[in-house]
Each structure stands twice: as structure tokens, then as C-alpha cells.
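Read through the structures below before going on.
Okay, so subunit A shows up in both of these, paired with subunit B first and subunit C after.
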Partner chain A sequence: MKRKNDFIIRKVAEQYVIVAVGEESKRFNGMIKVNTSGAFIWDLLETETNIDSIVKSILVKYDINEKIARTDAEKFIGVLKDAGAIE
Partner chain B sequence: MFYIKLADLNIKIDNKYPQLEKLCFDYLVAPCSEDFFVSASDEELNREIAGSDLKISKAYAESICIYRNICTCLTNYNAFVFHASVVEYEGRAYAFTAKSGTGKSTHSLLWLDCFNGSRIINGDKPIIRLKDNKFFVYGTPWCGKEGFNVNSSAELSAICFIERNVDNNITKIDSGEALGRIFNQLLIPKDKKAADKFLYLLDILLTKIDCYLLHCNISKEAAYIAYKGMNNIKEEGIYEKEE
Partner chain C sequence: MQEPLNNEFSLSECSDLIDEVLDSGGEFTLYPKGTSMRPLIRQGSDAVVLIKAKQKLKRFDIPLYIRSNGQYVLHRVIKIFKNGTYGICGDNQFLIEKGIKDSQIKGVICAVIRDGKRINTSNTRYKIYVLIWCFMPLRHLLLKTRSLLYKVKAKLKKII
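Let's turn to the complex of A and B:
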């Protein structure tokens, strides 16, 4: 999976937000609020990847156990899928 | 074809229907070298009519499409449209925002009742522009069904989110909460570069401008409480009108 080009991330009011632009904005006109680890995962999704590889990268960057990393990553990816932000 | 000046920008408009020029009457300027040019194609008008819940005329659709196209260009000039009713009092602008039907206009009218010399710069869709590190609110002819607008501007002092309530109270909210609330009252440009610029402006707006949450009913007290809250005035009673 990877993120769609028609979504952008930006820091607004000290948090990251992801919004849809272009054609995607007709379908999704909301905003996804994201914390720094979410922004980190979003960066990983720039190129084709999978959940195992994302979890591995999280474990390198953050000092948390694998179970929590996987749960968090799956939850966040679920939100992105619901918004249609990844393909 | 005619020219208007909006938010200190000269805009050339290529219209098909005369109603638009009439709407823009107070904002017309002589032909000049424009900052940008807008028009709306037949396809855009037809799409607008097909997508509307109400039956609207082509002339009305043109007015909507032209304003949307103006909005798209505004980010290039550090400006954007904000769904709010903006009242100016003592040279400061207070933006009241909420989803349609909550009572932005009703609350603004209470201010006119309570504060001598106050006026509504725009009752529905003012332009906000960042200039010299300050945000200014500008009147525009697109201003909601009541038609409240003046061709004028004032520095934005505060943003106030309105919720209906039995009693009146106002609290300051942090920029994170304000972001969640303001988002639905803004039109994000579709173009990627423009959207990015827009979010950059939104970040500065929420950093610089104080935001409040006002729970209010429809009484003059609501206006006094809002005014005092946004000006950090703690004293009781001093702003009530003498009967």
C-alpha cells in the first residue's frame, strides 16, 4: 500500500493534519488530525510498503514494544483507509 | 465584463448575466490593470445547478461560481474566505462562526443593538487577508441572505464559535480545539499548491488570533458577555446600556 498523491499533510496549530485536494476533495472534505508518530507513518507511505515493514520502522525510531506499535499502526492505517487516503 | 476591488485586490470579472454586476455595485471600480481575472464556464454553471438542493437560476449559479473562483485565487495574495458574520466595533473586528442556522446573524444583530457605532462588515462570507503580519477582514458583496455588508475592512481581533444555550457564557479555547471547529467553516482550495498555502495561512491565523467558544441565547446579555469575554473585561455591569 501507499498514500495517494491527492492528500497533503501540514502542521497547523501545533499538530499535523491531512487533507484531500484535487479530485479526492470531492469525496473526502474533512481533516485527519495526526500526531508525530502518525506523521512518521505517513512519510513511510510515500513509497509502496506493508504493515510489517511499517512496524519495523516504528520500532527502530520509537522505544515501544512490537504489539503496541502494530496496534497503533493498524489503527492509523484504518483511519487512512476510511478516508480513502491510501491505495 | 467589469472590475471590482475586493480585499485591496483589483479583480476583472467576465460575467454572462447582468445580476452579478448589480450585486457587486458597491465594489465596482474603473477598468484597471487587474491582479487577477475570473469567469465561470457554462459547464460550471450547469454543475452548480445540478448539485444544488434548491432550484437556482443560471444568474445565481454564476454568482456562486464566480465567488468560488475568486476564492481559489485569493491564497496567492495571503487571503481566503471564512464562513462567519463579522462585526466591527471600536475599530476591531469580531468574527462569529457556526454552522448555518445556529444564529451568527442573530448574534451580530444583538451587537448592533447593544453597541453604538458597531456594524456588520459581512454577514456570511467575508475575506480574511494577512497583511503586514496582521489579519484584516474585508467586506464583499457575497454576504448571505440578509445582505449585510460594507465595502470596508478592519483588523481581526478575535474568532468566536457560537453554540446555542439557555445561559450565556464564554471561554477561551486553544488553537487545537479551534482547528477542529474552524475547519468546516472554511473552503479548502482544490489545487494542491493553493491548499498547502491555505493551511499555512490557517496555522498563522490560529497562532495569532484568540479564539473563543460562546454559549448563548438570544438576549442582549449574550452580546455583553461576548464583548467582555473577548476583551478580558471582568467587571460586572459597566457595559449595559442605561435605560
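Let's turn to the complex of A and C:
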């Protein structure tokens, strides 16, 4: 999976948000609020990746156990999929 | 979570984001605050869809513009003056704000989302609303009458 180019992440008032631009914004007109670990996962999605690889990267960066990392990553990926932000 | 874009951010905080989305040819949906655009826009329930103004605004367009004090305002163009500036007024107001320049315009409404339904500004019912509500003498009369009724009601409450 990989993030779509017509979704961008920006910082608004100390909060990361993901929004759609261009034609995609006519379909998805909301925003996805993202914390720093979400922003980290978003960066990983710049190139083709999978959930196992994302979890591995999270475990390198953050001091959390694998179960929590996987649950959080899957939850966030689910939100992105629902928004149509990844392909 | 998908949430309205400016539900918790001020428009000035979203300013760069609005520019980026509109410059990309996209649409930016926001939930306006205040009562100045009633009855068209009801705070908390109705949203508006902004696009970039590609050409000079026309009479009855609704731009999002920035006042010289930095305040973001969403009101309707009522007059276009010979010097190219706009006279702008909220649908719930009758005093026209003059001298708004193109450089102050951030975007223009292409649709209103009311009760979850998108109403484009090209919609016939919307155009009928504009024709009736933007006939300023009628609006002036209605708003003045409403204001008078409120005052009478308040006085009656004090007496009773």
C-alpha cells in the first residue's frame, strides 16, 4: 500500500491534519486529524509498504510493545482506507 | 476521523491550507460561524463549499474575504462599483460594506450543504431565493419589522 499523491499532511495550529487536494477534495471534503505517530506512519506510506514493515519501523522509533503498535497502525490505516487516502 | 475542516480551527489558522486546496483546483468545505448569512446559512448545521474565484466576482456571489483587521468574512456581493471594488452584505443584514478589493477575496462559494444535501449556486431554487432575498427594500422591511417585534416583545416581558 501507498498514500495517494492528492492527499497532503499539514500542520494547523500545532495539529497535523490530512486533507485532499485537487479533484479528490470534491470527493473527500473533510480532514483526518493525526498525532505525531500518525504523521510518522504517513511518511512511511510515501513508498510502497505493508503493515508488517510499518509495525517494524514503529518499534524502532517508539518504545511500545508490538501488539499496541500493530493495533494502532491497523486502526490508522483503516481510517486512511475509508478516506480513500491510500491505494 | 473525518471532520469538518474548520470545526476547531479558526479560519486564520487554516488560511494557508485553504489557499493550497483552492490553488490545486480543489474545494474547501467549511462550517461558517455567526448569524449574518441567515436564512441561507445556519451556524452549526450548514456548511459551504469554497472554490477559487477564477474571474471577477459577479453580483450575488458569496466570497470569503479578509477584512483589513484580519477578520475572515463570508458575505454576499450586492454591488460592483465602477472602480472595481465590491459592496458586500450578509443575507441577515442591510448595511453594505463598501470598498472590498479582489486582493481581499480568498475564495467564493459554489455550493451550500444543508441537512446533508449539496445545493449548488446554479440550482434554480437557490437562484429564486437570491432573487427574492436580495431585493434589498423587501429585506430592509422584513429585518426592520423583525427587530421592532423583538423590541415590543422585550418591553412586554418587562411589563408583564
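Couple of notes before you dig in:
Just so we're on the same page, the second predicted complex is superposed on the first by the 87 of 87 C-alpha atoms of A that agree within 3 Å, B and C clash if a C-alpha of one lies under 4 Å from a C-alpha of the other, contacts with A are read in each partner's own complex, and residues count from 1 in each chain.
Definition applied: a residue touches a chain if its C-beta (ideal position, glycine included) is under 8 Å from a C-beta of that chain, and two chains touch if they have at least 3 such contacts.
None of these values were measured; they are calculated from a predicted model.
Of the two partner chains placed by the overlay, only subunit C lies in contact with A:Phe28; subunit B stays clear of it. Of the two partner chains placed by superposition, only subunit C is touched by A:Ala83; subunit B is not.
In the superposition on chain A, contact of A:Ala13 is made with both subunit B and subunit C. Between subunit B and subunit C, the partner in contact with more residues of subunit A is C. Comparing the two complexes, residues 6, 8, 10, 12-13, 15, 17, 19, 21-22, 25, 29-31, 33 of subunit A contact subunit B in one case and subunit C in the other. Taken in their complex, subunit C has these residues touching subunit A: 1-5, 9-10, 13-14, 16-17, 20-21, 24-29, 49. Those residues of subunit B that touch subunit A in the shared complex are 175-176, 178-180, 183, 188-192, 195-196, 199-200, 202-203, 206-207. Taken in their complex, subunit A has these residues touching subunit B: 6, 8, 10-15, 17, 19, 21-22, 25, 29-31, 33. By the touch criterion given at the top, residues 6, 8, 10, 12-13, 15, 17, 19-26, 28-33, 79, 82-83 of subunit A touch subunit C in their complex.
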